[in-house]
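I have placed the structure first, in the form of structure tokens, so that the comments after it can refer back to it.
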Amino acid sequence: MSAEGSRTVEERLAALEAARAISDLIATYGPLVDSGDAEAVAALWEPDGIYDIDETRLEGHAAIEAMVRSRGHQGLIAAGCAHLLGPPRVTVDGDEAVAVCQSLLVAHGEKGFRVLRATANHWHLRRGPAGWRVRVRTGRVLDGRTEAPYLLAEGAHGRRVDET
Amino acid sequence: MSAEGSRTVEERLAALEAARAISDLIATYGPLVDSGDAEAVAALWEPDGIYDIDETRLEGHAAIEAMVRSRGHQGLIAAGCAHLLGPPRVTVDGDEAVAVCQSLLVAHGEKGFRVLRATANHWHLRRGPAGWRVRVRTGRVLDGRTEAPYLLAEGAHGRRVDET
Amino acid sequence: MSAEGSRTVEERLAALEAARAISDLIATYGPLVDSGDAEAVAALWEPDGIYDIDETRLEGHAAIEAMVRSRGHQGLIAAGCAHLLGPPRVTVDGDEAVAVCQSLLVAHGEKGFRVLRATANHWHLRRGPAGWRVRVRTGRVLDGRTEAPYLLAEGAHGRRVDET
């Protein structure tokens, strides 16, 4: 592999570590949000990071914490729910990165469990003094709206979808 | 990254290898249990390892093998099932580690497939002469019982929930 | 770890990179197929690679592209769907590798989302001048047919199931 041959051990280690750190961050979202840990969820983002979902656009830690503490989300937890995110494909470019994954929201109710929604997730991450954080996460429900497949395609090719 | 700068190549490689080995171990559980390979499932645990589930507490290889060979589990396989575990978040501390992930049990029946349950999984692992093995896996159904979000929170923060 | 002690840093890095590259490849399938990117889906395979599914056997890029462009698959995308693949267990042996994972096809319809099927996936991959590519992917629905658990077992043990 000539590409690998021209990279130093340090560069190769750093590339593996960056991909691992970003995968770890994304793997932590579901457990944190399903346990209602509002501050820890928000801390996955930069202080002014954005969580752009279908129905709303959350800007900054306070807005993300408020979503976790909302009646709607707390109701999901009280009834039982799992935000299960698939393994992300991560593309690192220096101190910026793009990741993509699909996710399922499975909720418990009187008739047992059901899939409330499947979502396309595009992540723009940035590395700062505290390590990798989410700059913008964009999620769109995979219910036929064209934005959702668009997010998957852009993410799979390592392309950003925001200008921030 | 000053933290990385003070670690040797050997230490950084070993950290990546440990996380990879644990992720691999967890990724093998679903395929093994859904194919009914009782001995290989049990071998993911230490000889006296524990699988603490809602309805029961399995201690040691023989008990775990018996679960896989039970009428209930064999019935799931015969009808068709998938234990799908999400990508774990792994926290390594020397020869001990904690991992957390959510899982779905999807089962086939007369009306097609459905989600039988979503579960919170907390893993305590230990490294021995044979590599990483499960010391205690604790699973609780995400149906509103408070133990399940507790497991997710503790796991996401890399904290153990057992004293063994 | 004596096994690690006898391997060079180069060998250990290369092993981690191979596992990462294969996991990345597999993590890209879902986002690409759910966004209908036929050419990029096909390019995950070798030019004469095989996608052996229950109902059919696709040989080569043109056949795989045609599947993505088919009325059936395009209908799934238009209504909304997620091919969610679990984290694979990867076993590398030189320039050949085996991976295994389960997957869910979640589809949107008039009554919301439901799990259309759960599938056992066995991957045989090969490394060439362009990096890792799929030689043969074999998928069987986990609906009780014995081939599906067989694929999971063989994949979990790192064994191939094809002769190509």
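Each chain carries a letter (A, B and C) given by its place in the written order, and its residues are counted from 1.
Methods note: contacts are C-beta pairs under 8 Å (C-beta built on N, C-alpha and C of every residue); 3 or more make two chains touch, one makes a residue touch a chain.
Since this is a predicted model, take the numbers as computed values, not measurements.
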Angle of the C-alpha superposing rotation, chain B to chain C, to the nearest 5 degrees: 120
Chain copies touching (chain A, chain C) - same or different residues, decided at half shared: different
Centre-of-Cα separation between chain C and chain A, whole angstrom: 22
Per-residue overlap in chain A, given as positions that touch at least 2 other chains: 9, 13, 16, 86-88, 104, 114-115
Complex contacts: residues of chain C adjacent to chain A: 9-10, 13-14, 16-17, 20, 23-24, 26-28, 30-32, 34-37, 40, 77-88, 104, 106, 108, 112-115, 131
Complex contacts: residues of chain B adjacent to chain A: 1, 4, 9, 12-13, 16, 19, 86-90, 100-102, 104, 114-120, 141-145, 148-150, 152-153, 155-157
